[in-house]
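Chains: A, B and C, in written order; residue numbering restarts at 1 for each.
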Amino acid sequence: MSETASLKPNKFPPDVLARIAPDVLLQKYLQIGLRPSLRKFDEFRPVAISRAGVGRYEASEQNGDINGVGSVLGSSIVKSGKTTAICLISGAIVEDDHELINDYRTKLEKDIIDSETHTDSKNASVYTEVEISRGGSGPPNEEEIAISHRLYETIYHSGLIDRDALKIQLGYKGSEQLEQDFLPHTSYSFVLYATIQVFSRAGPVYDLCYGALVSALRQTRLPAVYIAEKRTEVGVRRVRIEEYDLVCEAEKNEPLRLNENKLAWSSTFGLVELDRDVPHDEDKMEIDTEGKILLAELEGEAEEDINTRITVSSNGSTLSGLSVYGAAGVTKDDLRKAFDLASRHSQYVLNSGGMEM
Amino acid sequence: MSIIVDNDPLDQVDGSASFEFGATKVMSSVTGPIESARPRNELPTKAYLDINIRPSSGVPSTRETLLEHKLGQLLPAVINLDQYPRQTIQIAVQVLKNGEPKDYTARQLVAIINSVFVALINSGISLKSSFMATCCSINTKGEIKTSPTSSDLANSVSHFVVVYSIKDQQVDNLLFCDGLGTFKQKQLFDVLDHAASEIHLSFQHIRQVISSHVSHNYIWKA
Amino acid sequence: MSIVIPGDQFTLETGSEVVLGPNLQTSDSTASPTTAGYLVQTQAGSSSLAYVEADSKRYMPAAQDFVVGTIVGSFGEFYRVSLTNFSTPAVLGFYAFPNASKKNRPRLKTGDLVYARVASVDPDLDVELECFDATTGKEGGFGHLEGGFLFEVRLAYARYLLRHQDAPTPYKTPSNV
């Protein structure tokens, strides 16, 4: 008795193959000039930016804070494809001395820094917390922490927010200016926090988070702050202690001043080489691109498998916050192509009505 | 830029190195491939990279997590991870001197990448190619400075960390580039050129340090 | 012999049969080292041999290597043998000893040292050890080690000792011996 073994080719639908062999699926699509997400190579997903309208000074909005006591100062909703990012900006007040100068003096004493080279930075940033919902709770994972801190660093170094813009001008309740003699000896600043929640992610989410954060910052309104009646000055053994109650105005507020020319939009690209060894179907149209293909805004498991990436923020002409990595080796031509697309895309997004809201 | 590399200073790990340039100093160690401590770290086709970075003062924060994340983006491009399925490669980094303002990590990242490279060589882990990092800054006048000092960074409008692979003693592929601040496309390309020539020069020294360590380990061959 | 590092390229002689040893990777007809070490290229008959002699501290098992291991446990009909700290342990079958049978099997305790030969290595499977000579099936000096001392040396020196019967103890020992 003889047994014959026969091999039957397995057939998988694309979404299953994307999980088993993402690289093969990707190559199969690229060979016929398509992407697994069915977009063109350099096509971005449409972006819709809207206001969440839940802020303290947005009482007129449907979801607005009617009592004007909440801590949300600005908000935004950014949608791209099926992914949604919601950003809420909240704030707190710190004494300036506590934040920087004390730190600076102790370091100076310990010779950690020298006074000649040390200059206080004029930039400020926003402390960001990103949460990518994936069903279930837990502490933030490495990706979320990395995106959060990267947003902080990018905003800080891009110079979007001046430290002065967060300084608090104290006043009385009402419209009067505070007299110089009554000004407290310490000065105060706002610190901004942002919470970004991402729903139904489908690919890298940094761009969306950046967009949501920048849009929410544009909406942010800082409350006017005045000194309440209660003010005590207690002297104990020559140490003078000052106590104030700082009250944030329920109605009076002014928008956060941003350096508008630093407003940018971030774009991520994947760089992939066409693998000539993957067998291709004879009758299918083949693309004649030699070398590497640049894919805008990766989406889906097969495209996320690409591990050579270029992320860059652009305001149309000037670049900021660049991140390039990958084994394939990125050439200047690749960068030029990516920067070109990123600039065009950001000009489109920033100038389209969506951003103005 | 004067570079001081200490080869294999630690006895208990498979490979270690300290890298010092200017006011920045970092010590790195590599252990591996070893058995994965947790089953979920066992990847069926490749080694898992367990990267831990500790700051020069205080406890690790989100800043260190981002540095670990960046190192994790670079290393798969240079280590043959697929040679060690289900294994773990532990990389522990201690920043000894950060040598830059608190909101910057450029100099530290450069020292981390370069010390990890020498530590990886010492550990014998299979590498695809040699690589080296350097940093550049652009000041308000648009001048490019390689290996900027703390004050150069504080007065810069943008700064960059650039990593190139090295093939046959020549700078080859751009493996990693991280830029913060605002800049123009042309400025970035100038930075890449500056970084490439800086790496070409500095790598001679690293190579010499590695060679002398190899011949020291084979002392009976002399 | 020259010292090479990863990224250095050299062409392999074509035509003849080329045998690649440890620490080399190839693409087409060029080879490059995967770590730093001495490049050795020798001619053995019609085939040429190339490998990189590199030192390290962590032993990566290779088939037909002679190793000293510590018994760290047993499961089923196998001992678990640690060759290097924290690496995945190798396995040594109860019947991988000369003249071993169900009744006459070796009695080894946890912590005992064995001198063995690496029988097979596959990245996806456990490393297997054997305690008999592959050609004769006899003892061949392998088995339980009793008495004496165990010294940890760097791998390069261990290999040097194996190959040179009259190897001197280096007057100035390499670091980390």
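Methods note: a residue touches a chain if its C-beta (ideal position, glycine included) is under 8 Å from a C-beta of that chain, and two chains touch if they have at least 3 such contacts.
This structure is a prediction, so every number in the text was calculated from the model and none was measured.
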Closest chain to global C-alpha mean, per-chain Cα centroids: B
Remotest chain, subunit A as reference, centres from CA atoms: C
Interchain centroid distance [CA atoms averaged], subunit B/subunit C, Å: 31
Computed distance of Cα centres, subunit C from subunit A, in Å: 51
Subunit A and subunit B: spacing of chain centres that average the CA atoms, whole Å: 26
Per-residue overlap in subunit A, given as positions that touch at least 2 other chains: none
Junction residues of subunit B, two or more chains touched: 128, 165, 172
Subunit B contact footprint on subunit C (complex, rising order): 1, 3, 5-9, 23, 25, 32, 34-38, 53-58, 60, 86-88, 123-124, 154, 156-157, 160, 167-168, 170, 172, 174-176
Parts of subunit B lying in touch with subunit A, wherever the complex brings them together: 62-63, 65-66, 68-70, 73-74, 76-78, 101, 103, 105, 128, 149-151, 154-155, 157-160, 165, 172-185, 188-189, 192
Residue numbers on subunit A that touch subunit B, as the complex places them: 113, 116-119, 121, 142-143, 145-146, 148-150, 152-154, 156-159, 262, 307, 317-332, 335-336, 339
Residues of subunit B touching subunit C in the complex: 8, 11, 13-15, 31-35, 80, 83-87, 121-130, 165-169, 172, 207, 210-211, 213-221
